[in-house]
Amino acid sequence: MSDDGFAEDQPTPAEQLVVALDGFEGPIDMLLALARDQKVDLTKISILALADQYLAFVAEARKLRLELAADYLVMAAWLAYLKSRLLIPEQPEDEPSGEDMAAALAFQLQRLEAMKGVAATLMARPRLGIDVFARGAPEDLDIQRKSVFQVTLYDLLKAYGDHKRRKDASVLHMEPLRLYSIEDAVKRLAEMMGRIPDWTTLQSFLPREPAGSLMGRSALAAHFAATLELAKAGQVELRQDGAFGPIWVRRARPVEE
Amino acid sequence: MVIEMVKDPERVEAKIQKLRLLEALLFASAEPLDEEVLGGRLGPDADVRALLEELRTHYAPRGVNLVRTGAGWAFRTAPDLAPLLRLEQEVSKKLSRAAIETLAIVAYHQPVTRGEIEQIRGVATSKGTLDILMEHGWIRPGRRRETAGRPLTWITTDHFLDHFGLETLRDLPGVDDLRAAGLLDSRPVLYGVSAGVGDALPSPDEADEE
Amino acid sequence: MVIEMVKDPERVEAKIQKLRLLEALLFASAEPLDEEVLGGRLGPDADVRALLEELRTHYAPRGVNLVRTGAGWAFRTAPDLAPLLRLEQEVSKKLSRAAIETLAIVAYHQPVTRGEIEQIRGVATSKGTLDILMEHGWIRPGRRRETAGRPLTWITTDHFLDHFGLETLRDLPGVDDLRAAGLLDSRPVLYGVSAGVGDALPSPDEADEE
């Protein structure tokens, strides 16, 4: 990208990604963009290289103190884990294997790429009302009308949706105190933990809230209490390397032996 | 297409393209088009009148004719076919919003009595609304409710399913499906903030007011 | 008109009349007409399919073509004239990237649940995406999937075929290659970004009613 002699002024791919973050529809979409940059057939993509690029992006975003959505962080943790699985010799009891995980991710990227491709092809077709036209002055014939009234399923569903909304709006609701509940945090953590097999900081699981705001503080408190609940239930393990140090969480391993 | 004594293949091709464009323009237009407008679309070197006459000749024996009306040129179905086409006098009507909503409520809440429909909608239902839906074959009376006054209930018909392309009533999208599809705008989530709904979170200002 | 080996002048005349009527019926309607409806108008002894094929052949080189789309047949301007006709049309509303991708996934993976769409795209479907596609008349709810939770599926409509100039879903560009490559498999993947999250969380309604 930089044979013009100004290589040092060129932003790194990770910096470019941070700038373009708004253009992506989530981490998979971004991974696909990174994969395209490898300029090889998606079936021959190096998942390892891809993981490195993605982790570099997250590191760069952190350096710029950019708030990343939880999905991006979960993906980073997952890719870091995948990378370790790919680099360390496979243990027979590991299921699924690192190769299987990499293949599944490659498949997901190929499938999304295929859909983006056909979406573009579809939209490039001659379209009715834009490229191709129907009879401009139809003559009103008694041909196909099974019904005098023209009502579509959309009209019907929209009417019901509108009715429901009006009805909801007319009921007075007492606004509950806006706090993060422990129940929600437990649900949220349990769901996210299912996808991250290795030690991760509690901080990275927190929803995006301004630090110090009431929501931010209640989210932290609720998630901390939730990890204790989950640890008590034997679903997660907790670790803290020193006082005031980060709290690490991981999914509980089956007891060995 | 009738091609006159033009021998140069390129000119023949150009003429055919002009005739095709003329045909498409006249077909797609909602209004008759006059020769000036058509000339503007065909280019300065087109003999619009001659091309129109050629099209008119081509279509004269067919089921669709090219006719010249006061304002311009237009395709019309051949007049001799009118009795076979049975032009429909009645213009399709739009169903009132109240009627669509009532139909939706019968569909979702059936069997449902008129009193219940009114309770659900929060307004009185005119007798005419249910009559229109029934005349149309979308709803029919069901069993009487075994309560005081034994009120009649209303249910949807097979014709209802047919009209809306549903195989069974179970295929009607549920409230959650409607919300997910965006047909039921829900209020912002105030409580139970969870992953994936980041957009709906209250702004920090609001949150601090408590 | 191409007249086959029919010698009896009366039969020739009857056939020409049927072709003319068919032409007029199709021409008069902006919406596709299905063979059943056309057959009902032409009478029991008409071979509707053969007559339609004859008309299609006649119109193939012209500026207006007879096309088959979904269950019906309709006259449409020839696609190659698009650049010359497009002048008249106002700028169409631009669809979001999410909406276009979602439409392609419904088209190629149908019947497909919202959860599967999210698995494939790797993000939650924002409210309004399916709504917009449905408002365009391109997708509609299909049957519920007979699995846990009986999720609603989405399918494309005949109008989708008409809008994109497709005769059947088999004519979707590249569909055979994608199927052969296994890319039309909507199975969940190991890394499910958003699918599943929605199911595990309380719906806004439940959360609000506390």
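Order of writing sets the labels: A, B and C. Residues in every chain begin at 1.
Heads up, the rule we're going with is that a residue touches a chain if its C-beta (ideal position, glycine included) is under 8 Å from a C-beta of that chain, and two chains touch if they have at least 3 such contacts.
Quantities reported herein were computed from a predicted structural model and do not represent experimental measurements.
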Of all other chains, the one whose Cα centre sits farthest from subunit A: B
Chain at the geometric heart of the assembly (C-alpha centres): C
Inter-chain centre distance, subunit A versus subunit B - centres from mean C-alpha coordinates, in Å: 37
Whole-Å gap between the CA centroids of subunit B and subunit C: 15
Subunit A-subunit C separation of Cα centroids, rounded to whole Å: 31
Shared-contact residues (touching 2 or more other chains) in subunit A: 133-135, 139, 141, 152-153, 157, 176, 184, 187-188, 191
In subunit B, residues with contacts to at least two other chains: 24, 27-28, 75, 77, 85, 165, 173, 175, 179, 183, 185-187, 190-192, 194-195
Residues on subunit A engaged by subunit C in the complex (per definition of touch): 25-29, 71, 74-75, 78, 96, 100-101, 104-105, 107-108, 110-112, 114-119, 121-123, 125-135, 138-139, 141, 143-144, 152-154, 157, 173, 176, 184, 187-188, 190-191, 195
Complex interface listing, subunit C residues touching subunit B: 19-25, 27-28, 41, 62-64, 75, 77-78, 81, 84-85, 87-88, 114, 124-132, 134, 140-144, 150, 152, 194, 197-198, 201-208, 210
Subunit A contact footprint on subunit B (complex, rising order): 24, 27-31, 74-77, 85-88, 90-95, 97, 100-101, 103-105, 107-108, 120-122, 136, 162-166, 173, 175, 178-179, 183-187, 190-195, 198, 201-202, 204, 206-208, 210
Parts of subunit B lying in touch with subunit C, wherever the complex brings them together: 1, 19-25, 27-28, 41, 62-64, 75, 77-78, 81, 84-85, 165, 167, 170-177, 179-183, 185-187, 189-192, 194-197
Of all residues in subunit A, those that touch subunit B in their complex: 69-70, 133-137, 139-142, 145-153, 155-165, 167-170, 175-178, 180-181, 184, 187-188, 191-192, 207-210, 213-215, 219
